[in-house]
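Consider the two complexes below, in which chain A is the common component and chain B and chain C are the respective partners.
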Partner chain A sequence: MKATKSIFILVNLIFMLFMFLTACGTTPEDTDTAERGADEEVDEPTGDPQYGGTIVLGTSGEPVIFNALYHQDSASADVTDLIFAGLTYTDESLEVQPHIAKDNAEISDDGLEWTFELQEGVLFHDGEELTAHDVVFTYNIFLHEDYTGPRAGSFTSLESVEAVDDYTVKFTLREPDARFHTLTGYSILPEHILGDVPIGDLEDYNEFNIENPIGAGPFKFENWDPGQSLSLVAHEDYFEGRPYLDGVTFRFASDSNALVLLLETGDIDHMIAPTSELVAIETYEHVNLSSTLALRYDYIGWNLQNPLFEDVRVRQALTHAIDRQEITETVLEGQAEVAHAPVSPLSWAYNEDVARFDYDPDRALELLSEAGWEPGEDGILEKDGEKFSFTILSNDGNTTRRDIGIIVQQYLGQIGIEVKPEQMEWGAFLDKINPPNYDFDAIVLAWGLALDPDPSAIWHSKEIENGLNNISYRNDRIDEISDINTTIIDQDERAELLGEAWAILAEEQPYTFLYYPNQFVALNRDVQGFTHHPRVDMYKVNEWWLNR
Partner chain B sequence: MGKPENNVIQQQSDQTLGKRRSLLSIIVAKFMQNKLAVFGLFTLAIIITACVLAPWIAPHDPNFQNLRNRLAPPGPEFWLGTDHLGRDLFSRLLHGGQVSLTVGFVAMLGAVSIGTTIGAIAGFFGGRVDAFLMRLVDVIISFPNIFLLITLVAVLEPSMEILILVFALLSWTGTSRLVRGEFLTLKNREFVLAARTIGMSNTRIIFGQILPSAMGPVIVAATLAVGGFILAESTLSFLGLGIQPPRASWGNMLTYSQSVTIFRTAVWYPTFPGLMILITVLCFNFIGDGLRDALDPRVVEK
Partner chain C sequence: MTTYIIRRLIMMIPILIGISILSFAIMYAAPGKPTVLNLDPDISVEDRERQMERLGLNDPAHIQYLRWMGNVLQGDLGNSFTRKQPVTQLIMDRLPNTIILMVVSTFLAVIIAIPFGVLSATRQYSKLDYGVTFTSFIGLATPNFWLGLMLIMVFSVQLGWTPVGGVSTLGSEFNLLDRIHHIILPAFVLATADMAGLTRYTRSSMLEVINQDYIRTARAKGFRERTVVYKHGLRNGLIPIITIFGLMLPTFIGGSVVVETLFSWPGIGKLFIDATFERDYPVIMAITMFAAVLTVIGNLIADILYAIMDPRIEY
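After this line comes the complex of A and B, so read on.
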């Protein structure tokens, strides 16, 4: 349960993302879209970066807390990513790179001791230097028994962290942990400000968390006017050099329509663009679109506690009956790839060699018939006098998921399955589908994936009771792979083992894996130096500059 | 209503069939003089007929999606174009109209029945009964209507039946006040006294004697209410709390068309359901105004 929680912070982030129809990601190369970039977008007035100007970012999500040890939503993460800096970061090819650390960790032969050398002269916004003691302070919070945030589960393998000297920090693990390098990027908090706050009170310590967060990141917190805007200004002494921008302002709007209109009028310079609005955004001459495959997949989850979905043949039939290719080509405007397994093609652990259940309604009927479902008098499939009829649930505010519910209703209606699409408010929706309620038949949802491909959080049977395995999937081999994969340090060996897990999951179809979507970022043409990251929206903003 | 005129109507309606017809013909004649009202009635008749006959008129299955033909412009095959899932807009408008009009009329009937009954009882009996019922009305009116609607519909799970029920249960207060007012002025009239004298029961006096005289304003209010309910249904459906997909209603068609891209590239999609709501509600308002003039004897004199 603990391990689950850590990863699922990330998952929660994703939830938020989906809610606002946004995802994260961008192509590193340029700001043109792969296929839909307007032809005349050859501009790119490249030149030397210049200092000055404030960029306005449009978003519909309001942040909650500016402390990466506690936040659980993407809006807060976007802000903290700018205010704080960590030992490492994950680059756009999803490789872990040193940040405050001089180099990647030096790992002892037994894999248990990770030593980082820190850069000297890294300053917090208040002018104090960031040292190994701040790192130790930060990571000890995760290990503290009073820690109230959601990330303790990520650090189960961490035994202790200590400062060897002012610029050297050593992590000691209990057992080898292949995920650990992805955990070294957390925001470093200033010990000189928070050192006296009891760990149990830290989450509610609003003087820091909300009113005046101090980090070592490229931008300083200035002002937050809830519902309106949030402004950050450049950190003059940022250790990688002062950001080109003078400031970054987040402008909050009610929904994506409002954002698109603000983009059109030039009131905002940047937004995550929903696929459904690309056609309109493409017509704006002052806007460039950037796209990249997002580190996420969308799916329909079948509640395995419901006897309807118990039989694997039934689940395979359901996938056969849904034309995912058509959905990606039409509703998603071709900006997605059909998914077959719960792993992103971006991941090193991706396995292409899994069972596929392409659109084939005849095969679907065969499978259903084998499973005992035959058409009744009204054309609806029946078995033992029970009709094949269920509700497919999604959260409101997400038009793509709403439409998928309606589309699936038609696809499954064609083979005699009665589907009722329903939508619910986000909070109520999560409450209904998650433990201890499990009150759904099928859901349309998506996972934004953690950087490490460990499947435990979503698929391990121990996560049914209190974790993210809310469809109650249970498979002994998957449990076993989940348990041992993080102890295998060799990536190829681990990829092979995980590949087996993906193949099992693809065969068993506890989800109908829908697609891997592209994420689009709409940027004012004046914004230069942008790098599109598949998972992090506020990526290297210190390198952005305005050509104005 | 002025007092003397009411007497006139009452006497006439109590008399021979021939004279009643002449009263009706006066009303009809007055109504026909109001060109807007006649236009409204005519247009509405067309809309209602088309919606009632939707299963036979509609050229396509209103819920059939053709994803490869999304947001097609109006043309020979899809007269008014298609929506974002490739469904025929014309067919959806007709079927959606059925839903919107049904909600409007049935909710109106419910609200007017409740309102008339309660208003009649309060006005006729007066005293504590009146005080109690009118305080009940005050309580219901003092809830902010739209929020109460949203809350109730959300709690009860949205469906057409729930919408109608909620509308009817929350919207009878205006009618009840109106009817109560009429009863207060009418209950001491001579014809009521006469009815009492010959030993008529209260029920018969209320429903047989006074109510027919009070029907004029009720009919007007009811007509206007239909338009109001259609708007309310659209509002709730627009907010996702009304008619649920894939079933169409004019309100939820507007919701689905809510996108900058659709406004730019498929402007017919939001336009048609919007126009249907506008025209229908306008027609009900014209007719209501026309009826008010026709039923109000004072207008005759002008």
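After this line comes the complex of A and C, so read on.
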């Protein structure tokens, strides 16, 4: 009897603990602050910029290597963007602007010779001056046959690079290449340090790449404590003027949950905020949220090797049957725009004038019936005794894609198409959907877009066998446009041609283009001078300052 | 005894080779390839192919295994695919953190579990016994990650008593108090499951011993109850615990995967889980083998301690 009583008390205690814990999760003022937080966005800078202070950036990815010629991950890019400087950079409206170069490239009439004048007095962190010879040294690494990094493919059109004098550098191309603009921003490496290292050994030259990278960027590498933090300090002689901040520290955490906690406790001042965490972040008094359209689009890809999706009318019907506006409003809480073509509205090559397949289930049924699909006895569409039934696959851990799968199941279920949403671990998922397996019916996925809008990598039919065209899309005109668009240097002319490609792809619906999402940065209120770039996380950090 | 230990050490070799073949096979058979993880439209197919070639991923599996084995025999664990650093260095950077966490949590588990187990046995069916039993079952049934999250919510976020994660305060010099401050939550979480198990084992083992004839004899001789329980009882009662303890050693690696991720603790558990998602073969193999060696050695230590605790056991 006594025993049962004490157990009873214990159970009660535990129950109370639960109540307490759940109470901590949601506080009543959640909704108010949420709205306030969203309106304010980034504050106007208060007063003049002031020098001093160190900012802590929270990140879940740990960098690998501080050498832009070899890294493939965004965590490394974030660090190298601060340590190094390039000839040009891409501004927040995605225009290429001169950086170390005095002006944008002077391009010869045949489009083959690109000449840059360099600013004088640009200093590396060790005090040596950056000259045209360092630029030549850096770009020659890409051209070297022993180069082991992942970027050689980008430079196939570059024939040679030479220093005309100490402050003039000339690139000579084999054929006109409009993409070359976006390739002129690579970090310039110091020849006086790396000149003697054989190119084949450069990737593993950790004395520079990991332990002591030297660049001409606004911040100097100081210390890296693997798994914990990485600190950079201001480069006093930075050619655009000393950064306001004394230093920048990256703090590594395991995942976005941990980062949000660190943000809440004030341990970090900055993080890239995932959409799923916005509700929590909006409640923090000391944090501002900044948002901008991301340079990417999310889509449902239809495997064109599957007879179900062969008919263009069927694909159009599928898009008609899915209310994408509703998806952006519910799953993404309004933080996205519906997409109609594989190009971002941020791009100069964007074409607004493309076919749109808005939500219209009746039209969807009409199109399906034209294509020979009629409801069977159980209400599911049939054609030649075959049922319209397929699996929609995405990667697990991504709740947005999971929810989209379920919503698509409901929408298509309403017009008599049977959909089974499934999720898989990321690595296994990629293996399954990519060549040589192509083992999927439909996928929910996204493309983070390159700065240059060239459609070749994703849409050219030569990319089916071993590239990124894993849905096996084939269209002769798209192949043609992919082949010739990069040879057109004039941007307006090129935009017109690309516009035709987007119109074809929008009409053919090899993907159901879902939406262009917003991306968010959570910033401590004390951080001023922040500019939100759609693609670069560490953008103009030398202009940030702390109001503390 | 020495010959026994030598014999056991020699026997470890085929066991470890077997484990390495098995883990390599399983790892290789798992879907997903290392560099394919980069779906970057900026990186051309040729560049990706070249990377595969460079990492030796185009060779047949048995060649890859033999090359790995050959390097390991020469003391080279290879270079990480994604992190571009020697695996040995990656592990050495993080191993101390994991070991500290393991030691502290083991210590916590032992100093809490054994006394409570003994008390619960000597006062069988008392309120205390029921309390301890009940708490142990809760401890066994509570998932690590849940408990960890709750403790972070309460102690770090709501009360602000402990840091949210990490090993030490950013940028500070080594400071023992600061370290303890950071380790207390993760060590406690890692210790709970084992603590609960250990308490239960200690209790049942002690119960068995306490009813033995020699305990009654000791009592009859007029020894104090403390002497009877701790000197005559506990020493015999601990023998089975030691086996369990030796077998617990490798489970810390498994537990640390969860706890280190939760608390952003830069140890090899975190490294292991990252490597698994990145299909970073050399790192996966190195840590798997490390856990294997730990298991085999844990067993051996348990057997040796057995002999020390109980002189009747001979090998």
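Of note:
Keep this in mind: the second predicted complex is superposed on the first by the 503 of 548 C-alpha atoms of A that agree within 3 Å, B and C clash if a C-alpha of one lies under 4 Å from a C-alpha of the other, contacts with A are read in each partner's own complex, and residues count from 1 in each chain.
Following the convention adopted for this analysis, a contact is a pair of C-beta atoms (placed from the backbone, for glycine too) under 8 Å apart; a residue touches a chain by one contact, two chains touch by 3 or more.
Computed from a predicted model, the values in this text were never measured in an experiment.
Looking at the shared chain after the overlay, A:209 reaches chain C, while chain B stays out of its contact range.
In the superposition on chain A, contact of A:458 is made with chain C only, not with chain B. Of the two partner chains, neither chain B nor chain C is touched by A:269. Judged by the touch definition given at the top, the superposed model places A:407 against chain B, while chain C stays out of reach. Residue contacts after overlaying the shared chain place A:399 against chain B, while chain C stays out of touching range.
In the superposition on chain A, A:261 contacts both chain B and chain C.
Contacts of A:81 after superposition on the shared chain: neither chain B nor chain C is touched.
When the shared chain is aligned, chain B comes close enough to touch A:277, but chain C does not. Counting the residues of chain A that each partner touches, chain B and chain C differ, and the larger count belongs to C. Residues 257, 261, 264, 425 of chain A contact both chain B in one complex and chain C in the other. Against chain C, in their complex, chain A makes its touches with residues 2-3, 6-7, 10, 14, 21, 24-25, 56, 62, 64-65, 70, 72-73, 148-154, 203-204, 206, 209-210, 225-229, 231, 249, 251-255, 257-258, 261-262, 264-265, 267, 425-432, 434, 447, 449-450, 457-458, 463, 466-468. Within the complex formed with chain A, the chain C residues making contact are 30-33, 36-51, 54, 79, 82-85, 90, 93-94, 97, 125, 127, 130-131, 134-135, 138, 149-150, 152-154, 156-158, 160, 163-168, 170-171, 260-264, 266-267, 270-271, 274, 277-279.
Here chain A touches chain B in the complex through residues 257, 260-261, 264, 276-280, 283, 326-327, 330-331, 396, 399, 402-403, 405-407, 409-410, 421-423, 425, going by the rule given at the top.
By the touch criterion given at the top, residues 63-65, 67-68, 70, 84-86, 154, 240, 244-246, 256, 258-261, 263-265 of chain B touch chain A in their complex.
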